[in-house]
Amino acid sequence: MKLVYFAWVRERVGKAEEEIEPPASVRTVAELIRWLRGRGDEYAHAFEQAQSIRAAIDRSHVKPDAAIAGAREIAFFPPMTGG
Amino acid sequence: MKLVYFAWVRERVGKAEEEIEPPASVRTVAELIRWLRGRGDEYAHAFEQAQSIRAAIDRSHVKPDAAIAGAREIAFFPPMTGG
Amino acid sequence: MQPTIRLQREDFDAAAEAALLTRGRTDVGAVVTFAGVCRGAESGEPIAALTLEHYPGMAETEIARHVEEARTRWPLLGVTVIHRYGRIAPGENIVLVITASSHRQAAFAAAEFLMDYLKTRAPFWKQVEGKAGTAWIEAKDDDNAAAARWKKPAGDQAAE
Amino acid sequence: MQPTIRLQREDFDAAAEAALLTRGRTDVGAVVTFAGVCRGAESGEPIAALTLEHYPGMAETEIARHVEEARTRWPLLGVTVIHRYGRIAPGENIVLVITASSHRQAAFAAAEFLMDYLKTRAPFWKQVEGKAGTAWIEAKDDDNAAAARWKKPAGDQAAE
């Protein structure tokens, strides 16, 4: 599946998007965040405060307990500050 | 003192303004309205529903019990419908 | 801040008025513009035009007083109120309120406050021209209810 | 009614957009225009510019969904939402929301609803350029509180 990052999540991870294949045991957004943290210092830094991270699956906002099965694109970003 | 009329009060009275000298016994806006009603059919018609008439003394909104002593200009008009 | 308050027969240019409020300054974060437009029907009946009558002298003073009240209630950086009078055809502008502030909540609240005031307490009266002749528009209960939202607790209130 | 929703780098012309909503029709009685402008300071510190990042694809879809929600809540005759992205200097426009309705209450409420939404839920992020480098603006509690006003109790579909 494709991951996309925005704002300081993108800056900390060091890339705007990537393809990943998490193990089958990773079933929810919260589990995906935990798994990502183990991928390196930049991920550990980007995702250290899970409560400050928002997620979208296929361009719809989702909560941490949302299932990731079947997702084509999962986005991670800070709270929105538009307008 | 000068009386000025607006909207359907003006139309019913048949003039936009006039000078009057009410007797000293007419002390409030409500009393002035009662006195005006006795001046002719057009006034009786214009002021028949006192609760639909708003008044201003010297260009400030006032209530029916406001004293008219010292007033230079008293206005009568329907509820406002601007904006 | 010097508010702009004008009563006039002629139309206004909302964009030009809004530009005046923000030109050359960088403290404004929010500009709310309300334009009231003459509709082609009133209570379901088509109309040919509205005629707006006002009380010259009192209207300016009363609007200015309410603009001052808005400025004490909200941190405004600019206010413009323009109200037309005379004959106005469907589709034409009637009234313009513009409020500028650092933040949107103040700008929105002040614009609504001023419009609720203009609808219910400013000395203007609307007459419609329809097929059956002319008729004065009656004050609306929901306009009065909207204006009552802004009433302050007793003791803190200017004489009405 | 076909709403206008655009995300763009370039500036917008608020007056021209408002004119499009009312042109050739006489059922509109109220037009509310909100323009959000880049301020020259953030949290008391002067800034050189803002840079707005957005999530292409999601931003358009999400805004459109909220415009639809506004249309189910209020009797709107026209809606325009334009949000800029990229680098924006102090004094420049950031966002435009225009709502048209027969009556002012609907136009005001829908414009505030859409702005509260854009501030808190639309996928945009603001970065400031200041003397000390760049910093991402944090979400504000009072924006979240403003957005929470519009939450409906479960099962309650009453408009307004």
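Which chain is which? They are A, B, C and D, in the order written, and residues in each are numbered from 1.
Here is the rule we use: a residue touches a chain if its C-beta (ideal position, glycine included) is under 8 Å from a C-beta of that chain, and two chains touch if they have at least 3 such contacts.
All values reported here derive from a predicted model rather than from experimental measurement.
Chains that count as touching both chain A and chain D, per the definition above, do not exist in this structure.
Using CA-based centroids throughout, the chain positioned farthest away from chain D is B. With centres taken as mean Cα positions, chain D sits 48 Å from chain B. Centroid to centroid, with C-alpha atoms defining each point, chain C and chain D lie 23 Å apart.
Averaging C-alpha coordinates per chain places the centre of chain A 72 Å away from that of chain B. In chain C, the residues that reach two or more other chains under the touch definition are 36, 104, 115. Looking at chain A, residues 83 sit in touch with two or more other chains.
Chains touching one another, given as pairs, are A-D, B-C, C-D. Those residues of chain B lying in contact with chain C across their complex are 4, 6-8, 56, 59-61, 63, 75, 77-83. Residue ranges on chain C touching chain D, taken from their complex, read 13-15, 18, 22, 25-41, 90-91, 102, 104-105, 107-108, 111-112, 115, 142, 146.
Contact residues of chain C toward chain B in the complex are 36, 52-55, 57-58, 61-62, 83, 94-95, 115, 118-127, 136-140, 143, 159-160.
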